[in-house]
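For reference, chains read A, B and C in written order, and residue numbers begin at 1 within each chain.
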C-alpha cells in the first residue's frame, strides 16, 4: 500500500516544553492507525500537528517534516488546504451552534458549494455514512446541540465527511460515550475504511485493537513501537509496550 | 446557629433584591407625580407632538418633538458610528490580535472608558467641531454629527468590552471545529463566532445605546442645543437630556416649565425602559 | 439589564434632584449660592472678607440663579446670588415659607454683543438685535452686512444672562412681551463656548459679559433707539449708564441681614468690595444712587 502520510523527525515544543521527540512514522492509504499511550504521551499534539491546529497556539514550535501525498504540509500547503484534506473529529463532540443541516453543510459551503440541491445531497450522504441519517432525517432543521452524545459525535463525523477529506483524525472520539454509541461510532469507522485514511487516538487499548489495522504506542513524547495490531498486542517487541498493555503503568 | 446565619444571609439578599425594585418604582413614582402634573394645563398631544419648545414664554410652549427628534438623531448617529467600529475592535482584540497588542488595546479601551464625558465634550468642542465645520462647509461645527461622534467615543468602550467578553467566551471547540473543517479564520469568525456570541453582541449594542441616550454633558457642549426640528445630521439639535440639565437649575419650582422638565424625564425613563426591554427580549429569543 | 435600568434612572434622578435640594447649610458658616455668572465674584469677595474676619467662614457655590433662590426659600443658604430678578411666583413661595426677602444690588454686568472680527457690521439697534435673536432677521445683509445667513448664539435657559437679554433686548424692556428666541438659536452652555464659536464662525452673533470680551471677537455698538446714539460696551459707558445693555447683579437674603451676613454685605458694598468687582471684570455700582 501507498504511504499517505510520512512523518520525519517531528519534534514539537509548547512554550519550551518538548512534547514530541524526534518522531518518524508513516501512515498507509486506507488504513486505520490506532495511537495509544498514557496521558501526556503526545498523542493529541501529534494529531493536531497533522492538520496544523497547533498553529493556533502561538507558543508552539515545530521541527521536522510532515508530508501528505508527498507534499510538506507546513511549507508547501496553506492551513485551510491541509485542514480540508486532513479533517479532525474531537474528543468532545461539539456541534456548531446551528441546525443539523447547517452543521453538515458548513464545510461544503465554506469551500464554495452554493446550490441547495447539491448541499442536500451531501448532507444526506454524509449522515448515511456516519449511520445517523435514519435517526435525524425528519428533523434536519432542529439544533445540532439537542442530539444525544452519541448522535452528536456521529454528527461531527458526518460534518467531517461532508468536506470530503482524504484523512480523518479522531481524538479519543468515544471517551464520553456509552458502549452502544461507541459501537456505532466504531462501525462507522470500519465502514469508512475503503474511502479514507484514518488515525485514531484513544485511551482505550481494546478499541485500538478492535478497529486498528496497525497500532502505534507513544510514551513521554516518543514513539516506542508501531506494528500490525495483532502482532503489537500479542507479541510486543518493546518491554515498555508490554508493561503498558498489561497495566503495569499508565 | 448556623442555620440561623444561613437564614439571615438569605433574607438580607432577598431584601436587597426587593430594594432594587423598590428604587425603580419610587423613581418612577416621583417622576410621574411631578411629570403628570403638567397635563393638568397642557394636553399630552401638545406636549408630545408640539414643535415649539419655549418654556419661558407666556404661556409656556412645551412641545418636545424637536427635543425627541434631536435625541433620536444624535443617538442613531452615534450607534451607526460606534457599533461597526466597536465590533471590529472587539473582533480584533478577541480573535486576531497577538497577545501583546491585545493587552495594549484592552488597556487603551479601558482608559477611553475612564475619560470623563466633560473632557470628551471639551475635546469635541475644540477639535471635532472645527473639523466638522470645515469638512462640510457649515456655519457652525456644533451639530448633531459632532455630538454623535463624541458619543460614539463614549459608547465604544462599553460596546468593545462587552462584545469582546462575548466573543472570548465562545467555546474554543467551536472555533477549532470550524477550522478543522477547512474554514478560513475569517469564515470562522463570520459564520461561527459572531452567531455564537450574538446575544452578547446584542446586549453590547443595547448597553451602548443606553449609554448614548442618557449622556448629557458632552451633547450639551457639542450639539448647539437649538430646539429646531432636525432635517439633517449636519444641523444643530437639542436633546432631551441636555434640555433637562440646562434648564433645571434656573426653573421656578412648581411652574409649568418645572413640570415639563419632569415630564421630559418621564419620557426618557420610558424610552430607556423600552430599550432594555427590547434587549431582554432579544437575549431570550437567542436562548431558545 | 434590569439593574442597568435601575442604575441609570437612579443616577438620572439623583442628577436632577441634587441641584434642587442644594447643599445643606453647615452651622456657623454663611452659605452663598446661585448665579454661575457671579460664582467667581462671590468667591473673591468671600476670600478677601475671610482674610479680614477669620472667625467667619463663607462657602460659595454656583448652580444658577434659580437654584440659589430655591435654596434661599428652602432655608439651605443664607445669601442667594442672582443675575436676574426674583419672579413673582418665587416671591409668593418665599412669603408662604415665612421669609421676608431683601434684595441688594451688589454690582453691574454689562453685556457685549459680539461678532466675528471680519464682520463689517459695526452697530445695531435694539430693534435689529431683537429681530436677529427672534429669527425675523435671518441674513446679515438686512442689517448692513454681507449676504450670509446669521448664526445666532445664546446662553442656555439656565443662565440669568439668557433671561436678562430676552427681557431687556428681545422684548425691549417689556418683560412679559411675546418675543422668543428663534428655535434655531444655538443655546450654548457657557460664555466661553460663545466666545469660541464666534471667533471661529464668521456669520455668528452672540452676547457675553464684558469681562469675557477678547481680541478674538469684535464688539458691536448698541443703541436703544433707532438712529442712535450707538455706544460701544465699556466699563465707563456702563457706569455712566450710556451703554444700554447692563444688568444689576443681586444678593437676596431671607431676612433683613444681621450679624456676619450684614458685615459681609457691608463689605461687598464698600469701596474695597467694589474694587474687587472691577478686578473681576464686572462693573462697580458707581456712586450711590
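Basically, a residue touches a chain if its C-beta (ideal position, glycine included) is under 8 Å from a C-beta of that chain, and two chains touch if they have at least 3 such contacts.
No experiment lies behind these values; they were computed from the predicted model shown.
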item: Most remote chain, CA-based centroid, reference being chain C; value: A
item: Most centrally placed chain - per-chain CA mean versus overall CA mean; value: B
item: Chain A-chain B separation of Cα centroids, rounded to whole Å; value: 48
item: Intercentroid distance (Cα basis), chain C paired with chain B, Å; value: 33
item: Whole-Å gap between the CA centroids of chain A and chain C; value: 80
item: Complex contact set, residues of chain C against chain B; value: 1-6, 8-10, 12-13, 15-16, 19-20, 63-67, 70, 73, 87, 89-90, 93, 149, 151, 156-160, 162-163, 166, 176, 178, 180-181, 183-189, 193, 196-197, 200-201, 203-204
item: Residues of chain A that touch chain B when the two form their complex; value: 51, 53, 56, 58, 79-81, 83-85, 87-88, 90, 92, 94-98, 106-107, 110-111, 156, 159-160, 163
item: Residue numbers on chain B that touch chain A, as the complex places them; value: 98-99, 171, 173-184, 187, 191-192, 195-196
item: Chain C-facing residues of chain B, complex; value: 20-21, 23-24, 27-28, 30-31, 52-58, 61, 66, 125-126, 129-130, 133, 139-142, 203, 206-207, 210, 214, 216, 220-221, 224-228, 236, 238, 244-255, 261, 265, 268-269, 272-273, 276, 279-280, 283
